[in-house]
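Please find the structures below.
What follows is a pair of complexes built around chain A, which joins chain B in one and chain C in the other.
Presenting the complex of A and B:
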């Protein structure tokens, strides 16, 4: 299967204190890819590089099998972008903004636009400057979907919106994705939301892509294990040990954080004179936090 | 039917969705010929990835619970009483395994559990 987004050794110095460092990411065609990372990790910078809004210092970028920035006009016809901060003219009405936006896209779909107006109950004659936060979030999603994109790049599309609006927006997005088989790259701090809809995750920290894998692999492979009589060092493990720490509350043994775990690996511990007492499942948020902690500790 | 789909659970979402449908079939809530929601509808309602719904339906098809009719949708197949029964037994075993794991964590032994179970069953829960 090909990749809708691919970067190879991408470097970009954004300022004296921040650099994107050798980012190689692959977003498989047809996937919904959750892009995670703390504030300042470089997610928005990466997204802007993908869309040709910055030029990489080094490295190759391709979207929909075309080169960035060389083939940008074609890529932008087929790609929708919802930026972190809206870029709409405040004095236009909603209907005017939609007409203005639609003029740029060959695949713009009028009847789908009408349907989206209904679904989102957007007031056509309201000025952009008078829209509520929820309405402008919906309008941005309408603009993105009405161009019938093959690829959607969404930078915090539900940031600061209430749960009802988030539901409307994500439900409609998924409806479109089922119908079109479009690819989605979505960054969000609402990790549980991503956990629901994404089948791939990429994790970024301090300008580096530190992990990228199918969601299920991420969730299944990262566990916290309670070990009694732990060995001095864990050698030749079939899994990767990310961190070790004592158990809280004076309970014997230690906790280790592992990646690449599967249940049939339990036998390893008896081989080194230890015993595995408990396997703690982590959800995406815990896994994400633990992985960052382990990464930063080196 | 899908109220308690939990994305944070270690059980994959597709398995949770397939499980809910399986239970509904075993309990006779969904009968043979019932037309299940389309992938698009269900993905949008549950706000899950459409691929997740496809995977759930495929699993149910492989197990013989549903039938994918090309272009028409996904339909519940007629399932024998025997099969429904064995599905309920499987569900019960799964519940008990979860209960035992939780009990072990709390230091509750099998004896205590049996007593509690008999007591609760005796209370004629509706």
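Presenting the complex of A and C:
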């Protein structure tokens, strides 16, 4: 499978206090890739680099098999972008903004624009500056989808929206993706929301991409294990130990957080004189928090 | 594409542009009224020339103001959004800038028509004294070219980053401060004078703004 987005060794200094370090990410074509990370992790900066809005200091970036920034007009013709903060001209009305935006895209779909207008119940004569947050979010999604893009890059598209609007927007997005086979890179703080829609996930923290993997692997492969008589060190493990911590409440043994776990690896512990007592499943949010904690602990 | 760029710029600039067009129409009419209007034949030629000279300063000022206004309104909304929308559109940056520049040139047609009509009307209603001639077409063309030049310069400055605009302003401020310091000290060196002379000389880049802006002249 080819990658709709690929970066290799991408570096970017955004100021005296923040830098993207050697970001190498791959977003498979046709996937819905959830881009997770705490505030200030570098998600928006990464997205802006992907779209040529910033220039990387080092590294290679390609979108849809074209080079960034060399082939930007062609890439942007096939890519839709929904920014974190609405960037449309506030003095235009909704209808004017749609007409303006549509004039730049060869694949712009007028009839679908009309359909989305009805579906999102957008007021055509309302000024953009007067739109509610929900209406703004819907308008940005309308503009993105009516381009008929092959790739959608969505930076916190549902941030601050109520659950009904969020559901409208994400439902329409998923309909489009399933019909067109488009690729989506979506960043969000709402981990549960991404868990529902994404099939790949990338975790970012402190300017580094700390992990990326299929969602299924992430959900199934990250576990918390309770070990009795743990060894001093875990050597030659078939899984990766992310963190070790004592069990609370005077319970014997220790808890370890592991990545890449599967049930047939349980035999490893008897081989090192320990025993596995409990395997705790983590949901995406727990896994995300634990991975960040383990990463920050070094 | 050009059409939507033009329509946004029109939307952002239409009110001040309308006022500028009215001003461009009115200045030549008022200059003739100031010289005596249809009673101009009774006036001495020097009185007519004096009245024309009184109004002459307003033409280049208005042309420069229109250029500045159109440049600021062309880039202002993009500046306020940090250019992120413009940069995410699927066209090369130079092409986007050219479209905005072209739209500005089209909008300049409004004040150009305003001054052309005002000059023709003012000339037609005035009886020009012997020895003097009305130049409505020359005045209108000169005004339009000056507005195009002003718009192009301000467009280039406004289209750059805030830092670029800062450098331009800082260079101008440094020039003026240097002139003041040197002029007020023991060494009397005129820094600004020769530069302005070069700029506004009829061969200089801003030469069109210098010289005589007269609807009626010898």
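We take it that the second predicted complex is superposed on the first by the 298 of 298 C-alpha atoms of A that agree within 3 Å, B and C clash if a C-alpha of one lies under 4 Å from a C-alpha of the other, contacts with A are read in each partner's own complex, and residues count from 1 in each chain.
As a working rule, a residue touches a chain if its C-beta (ideal position, glycine included) is under 8 Å from a C-beta of that chain, and two chains touch if they have at least 3 such contacts.
In this text the structure is predicted, and so the values were computed from the model without any measurement.
Chemist: State whether A:8 touches chain B only (first), chain C only (second), both chains, or neither.
Modeler: neither
Chemist: Is A:89 touching the first partner chain B, the second partner chain C, both, or neither of them?
Modeler: In the superposition, A:89 contacts chain C only.
Chemist: For A:81, is the partner it touches chain B (first), chain C (second), both, or none of the two (neither)?
Modeler: Touch partner of A:81: chain C, not chain B.
Chemist: Which partner does A:220 reach: the first (chain B), the second (chain C), both, or neither?
Modeler: In the superposed model, A:220 contacts chain B only, not chain C.
Chemist: Based on the superposed arrangement, let me know which partner A:53 touches: chain B (first), chain C (second), both, or neither?
Modeler: Second partner only.
Chemist: Give every residue of chain C touching chain A within the complex, in rising order.
Modeler: Going through chain C, the ones touching chain A are 1, 3-4, 7-8, 11-12, 77, 81-82, 84-85, 87-92.
Chemist: Would you mind writing out the residues of chain A in touch with chain B in their complex?
Modeler: Going by the criterion above, the answer is residues 30, 32, 167, 170-172, 174-175, 177-179, 192-193, 195-199, 216, 219-220, 278, 281, 283-285.
Chemist: Going by the contact rule set out above, which residues of chain A touch chain C in the complex?
Modeler: 48, 51-53, 72-77, 81, 83, 87-92, 96, 99-100, 103-105
Chemist: Once bound in the complex, which stretches of chain B touch chain A?
Modeler: 7-10, 12-13, 39-40, 43-52, 105
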